[in-house]
Every structure is written in C-alpha cells, then in structure tokens.
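Here the chain labels run A, B, C and D in written order, and each chain numbers its own residues starting at 1.
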Amino acid sequence: MTIRSNGTLQDLIETIRGFDEARDWGKFHSPKNLAIALIIEAGELLEVFRWMTDEESRSIRPESDDYQHSAEELADVFIQLLRIANALDLDLLESARSKIRVDEAHYPVSSSRGNAKKYK
Amino acid sequence: MTIRSNGTLQDLIETIRGFDEARDWGKFHSPKNLAIALIIEAGELLEVFRWMTDEESRSIRPESDDYQHSAEELADVFIQLLRIANALDLDLLESARSKIRVDEAHYPVSSSRGNAKKYK
Amino acid sequence: MTIRSNGTLQDLIETIRGFDEARDWGKFHSPKNLAIALIIEAGELLEVFRWMTDEESRSIRPESDDYQHSAEELADVFIQLLRIANALDLDLLESARSKIRVDEAHYPVSSSRGNAKKYK
Amino acid sequence: MTIRSNGTLQDLIETIRGFDEARDWGKFHSPKNLAIALIIEAGELLEVFRWMTDEESRSIRPESDDYQHSAEELADVFIQLLRIANALDLDLLESARSKIRVDEAHYPVSSSRGNAKKYK
C-alpha cells in the first residue's frame, strides 16, 4: 500500500467528524456500539474471502468485483476504527507505533523468522 | 481524535512492512488470513466493552486499564487493516474518502438526522 | 427456551449431513472455513441488535421482523456449529456439559452472584 | 458428530438456566449482550485455526491441544447460543429445521453440487 491520494489522515478524521455531527449520530456512537459496528464490518470483509483458498485470495485483481467489494469493506472497518479513536480521544498512529515496539520485543527476528508458532 | 504524534500514516505502513519482511511473515499474510486476524482482534476489542453499559463505555478514562487495553486492541486492528491494504496494494485513505461520499448520498442529512433507522 | 418441536438434536445433525453430502460440500467444509462461516453468521446476528439499547433488545416480540431475522441468524450459527462438531467428530452436548462444570468451579455462586467483574 | 452422551439438549438448556439463576446473571443477559458474547467466543474459536492451512485444520487429532481448545470454544459458542434462544424464548431445533428447508430451496442439488459460487 502506498498512499497516492491527496489529503492526510487528519483530514479524513475531520471529514468523518463533520459527517457525524451533521447527522447528530454522536448519540449512537458510544465506544461499545462502535466496537460492535466494527466487528460487523470485519465480518463483511471476511465474507469476501470466505470460500476462497489462500492462493485465490492473493490473486484477486483490482478490476474484479471481489477487489472493489473488499476495498469498500476495508473502508468501512477503517471509518469505524477512526470513530472509536475519536470517541476515546486516542491518537491511533501513536498507539500503533507503540504496539509495534511491543511486538518487536515479543517476536525477536531470530526466533520468529518464517515461524507462525509464537505468532498470536 | 487528533494526531499529536510525529510521523505519518505512510511512515507507519513502512514500519509494518519492514517488521514483516524481517520475519519473513509475508507467506502467512494472504488477504484471507489477514481478514481472519483482523476479526479476531476486533473481537478482543469488543471484549473490553462486553459487560459495560453504553454509558460506562463512554466514561472510561485514559488512566484506566480498560482504556490502555482498548488502545492496544485498536492498534492491533489498525495494524492488520494496514497489512490487508498492503497485500491488496490499496490506498486506504482514498477508499475511505470514496466510501464516505457514497454514505453521504445514502444518508442525506435531512432524513438521517438523529435517526438510526436507515443506518446499516 | 423450551423445545417444542418433534425430533432430536441427533436428527438435525443427520439432516445437515445429508444436505451437505447431496451437494458435495464437504470439500469446502474444513474446520477453518467453517469457523470463518460461523463468525460471519455471528456478525449477522449481532447486526440485528446493533443500534438497539439493551432494553430494546429485551423487548422484541415474536411477531416482529427483528425477531424473525434473529431466529434465522441463530439458526445459521447453530447449523455452522453442528457442521464444525461434525467435521471434528465431537459430541457438542458432552463438550458443553464439561465446559459448564469448569465454569461452575471458575465462578462460585458466592463470589459471582450479581457480579460481572470476574465474568470473562 | 454423533451424540454419545446421556442427557438431551433440553437437559443442557435447564442446566444453563439453573447456572445463570444461581448467579443472578439474567440482568447482564440481554439478547444484545449475549450476541456480543457469542461473537467474541466465535473469535476465540477461529483463533485456534488462524495460521493453519485448510489441510492442517482437517488433520487435528482428539489428543492434541488444538482439539481440546477448539472443543472448549465450540462449547462456549453453544452455551451463548442457547442463552440467546432462552432469552428470546425461541426453539432452536425448530428454527434450524426451518432454515434448512429454506436453504434446500435456495441451493437446489442440481445447480449447487460441488459449487461454492452461490453459497452465501
């Protein structure tokens, strides 16, 4: 993935905030309800790949319906994720960077290379 | 959510790519397997809020264990999401912006204001 | 829940087995794929209750669309669950009884009464 | 799956009901909260198979840790499913039989044989 689009993550966050405020949807958007919405979208994403083999899932092409469908479901997961981060006033980039530092300690290259055993 | 951290989304994507390449984990990371990993993380996030009321989930404080725990699980969801976007070579910011344009047409402010009925 | 229907769980298991054999679907039904199918159905069930309050979810009536919809999604979850048990040749009644004995030790009445704290 | 155990599904339902009543857990058990609990358990089940290939998931043996773990997670899904059916006062055997009749019409043997295309 390379970001080719104009605009930043912060712009997107502001767009979603404006969208929700215009619709007065904040009252539905407790962290609990948003975490429910997120897992439902994650299920819809998984549905795209359900009966594919691993190899088939690696081979879907940008012009296929499956690709377009997965792009939409990924977008839905992302939007709900940003809503939760917003509701909790949490900096998602910082949380992710922090988690990767934890994972780097947890999965040293020497013992994890090519190995899914310890990969939880 | 306001991004207070230095570094951009593109930096984070590169960090994850480097992490995975060092461990040779690309072979596990088919879109199908990553979509599975994503929904498992989404379940772990939801677990934080499971027995809370809506109001309780709105009231968790940054210094609480629940807040720290949800930050970690949000990070895990985000990381898997970026891995899928990477595997599909898909620009997640652009997909999200495009999806919001669809949602704006689907949920006009006039009929959606304060209303979850049509909110799917 | 009271079972008012004729026929037993074993009958249902045989019906599903016959259904799948007639369609030669065993080749899709690895435990991994069935566990994917199960969580997708669980997401569709959760979708019925997504924007309801707790109280609203307690109040849905048998004649409502939401009730009928949840009955169908519960059935889908149940069917996938029986397929996995079948694929693993596992006695689900026995597993459930055994798990409840574990839970009885884990959540003693004295300390668990009216308390969700330790309820994981 | 063959049921080798003594006792029926109705017995299991009564056991779970007694378990919950002794702990006064009915107040946590709205259909919404139970549907959340169910999908979390479904995620834990899926976790067992996460990095396995399809073939590996077909080959797990009753004496392995993975098998025991999946039996426990299947039991947890089943118990939550029975709790939801109980909360909605819904006969799960009847719902499943009814759903299979729908599926039989939806997936005629002639066009569905060996074919996952239409399998949603």
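Going forward, contacts are C-beta pairs under 8 Å (C-beta built on N, C-alpha and C of every residue); 3 or more make two chains touch, one makes a residue touch a chain.
The structure presented is a predicted model; accordingly, all values stated were derived computationally and were not measured.
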Inset, instruction - With residue numbering as the guide, point to the option in A-C, C-D or A-D that repeats B-D in over half of the contact pairs. - result: A-C
Inset, instruction - By the contact definition above, name the pair with the higher C-beta contact count: B-C or A-C. - result: A-C
Inset, instruction - List the interface residue numbers of chain A and of chain B, divide the shared ones by all numbers used, and answer same when the ratio is over half, different when under half. - result: same
Inset, instruction - With chain centres taken as the means of their Cα atoms, state the distance from chain A to chain B in Å. - result: 3
Legend entry - Between chain A and chain C, centroid-to-centroid distance (C-alpha), Å: 27
Legend entry - Per-residue overlap in chain B, given as positions that touch at least 2 other chains: 28, 33, 36, 39, 42-43, 46, 51, 53-54, 116, 119
Legend entry - Residue ranges of chain A in contact with chain D within the complex: 36, 39, 51, 53-54, 116, 119
Legend entry - Interfacial residue positions of chain B with respect to chain A in the complex: 1-5, 7-10, 12-13, 15-16, 19, 22-25, 27-28, 30-33, 35-36, 38-39, 42-43, 45-46, 48-49, 52-55, 57-58, 60, 62, 67, 70-72, 74-79, 81-82, 84-100, 102-104, 107, 109, 112-116, 119
Legend entry - Residues of chain C defined as touching chain A within the complex: 28, 33, 36-37, 39-40, 42-44, 46-47, 50-51
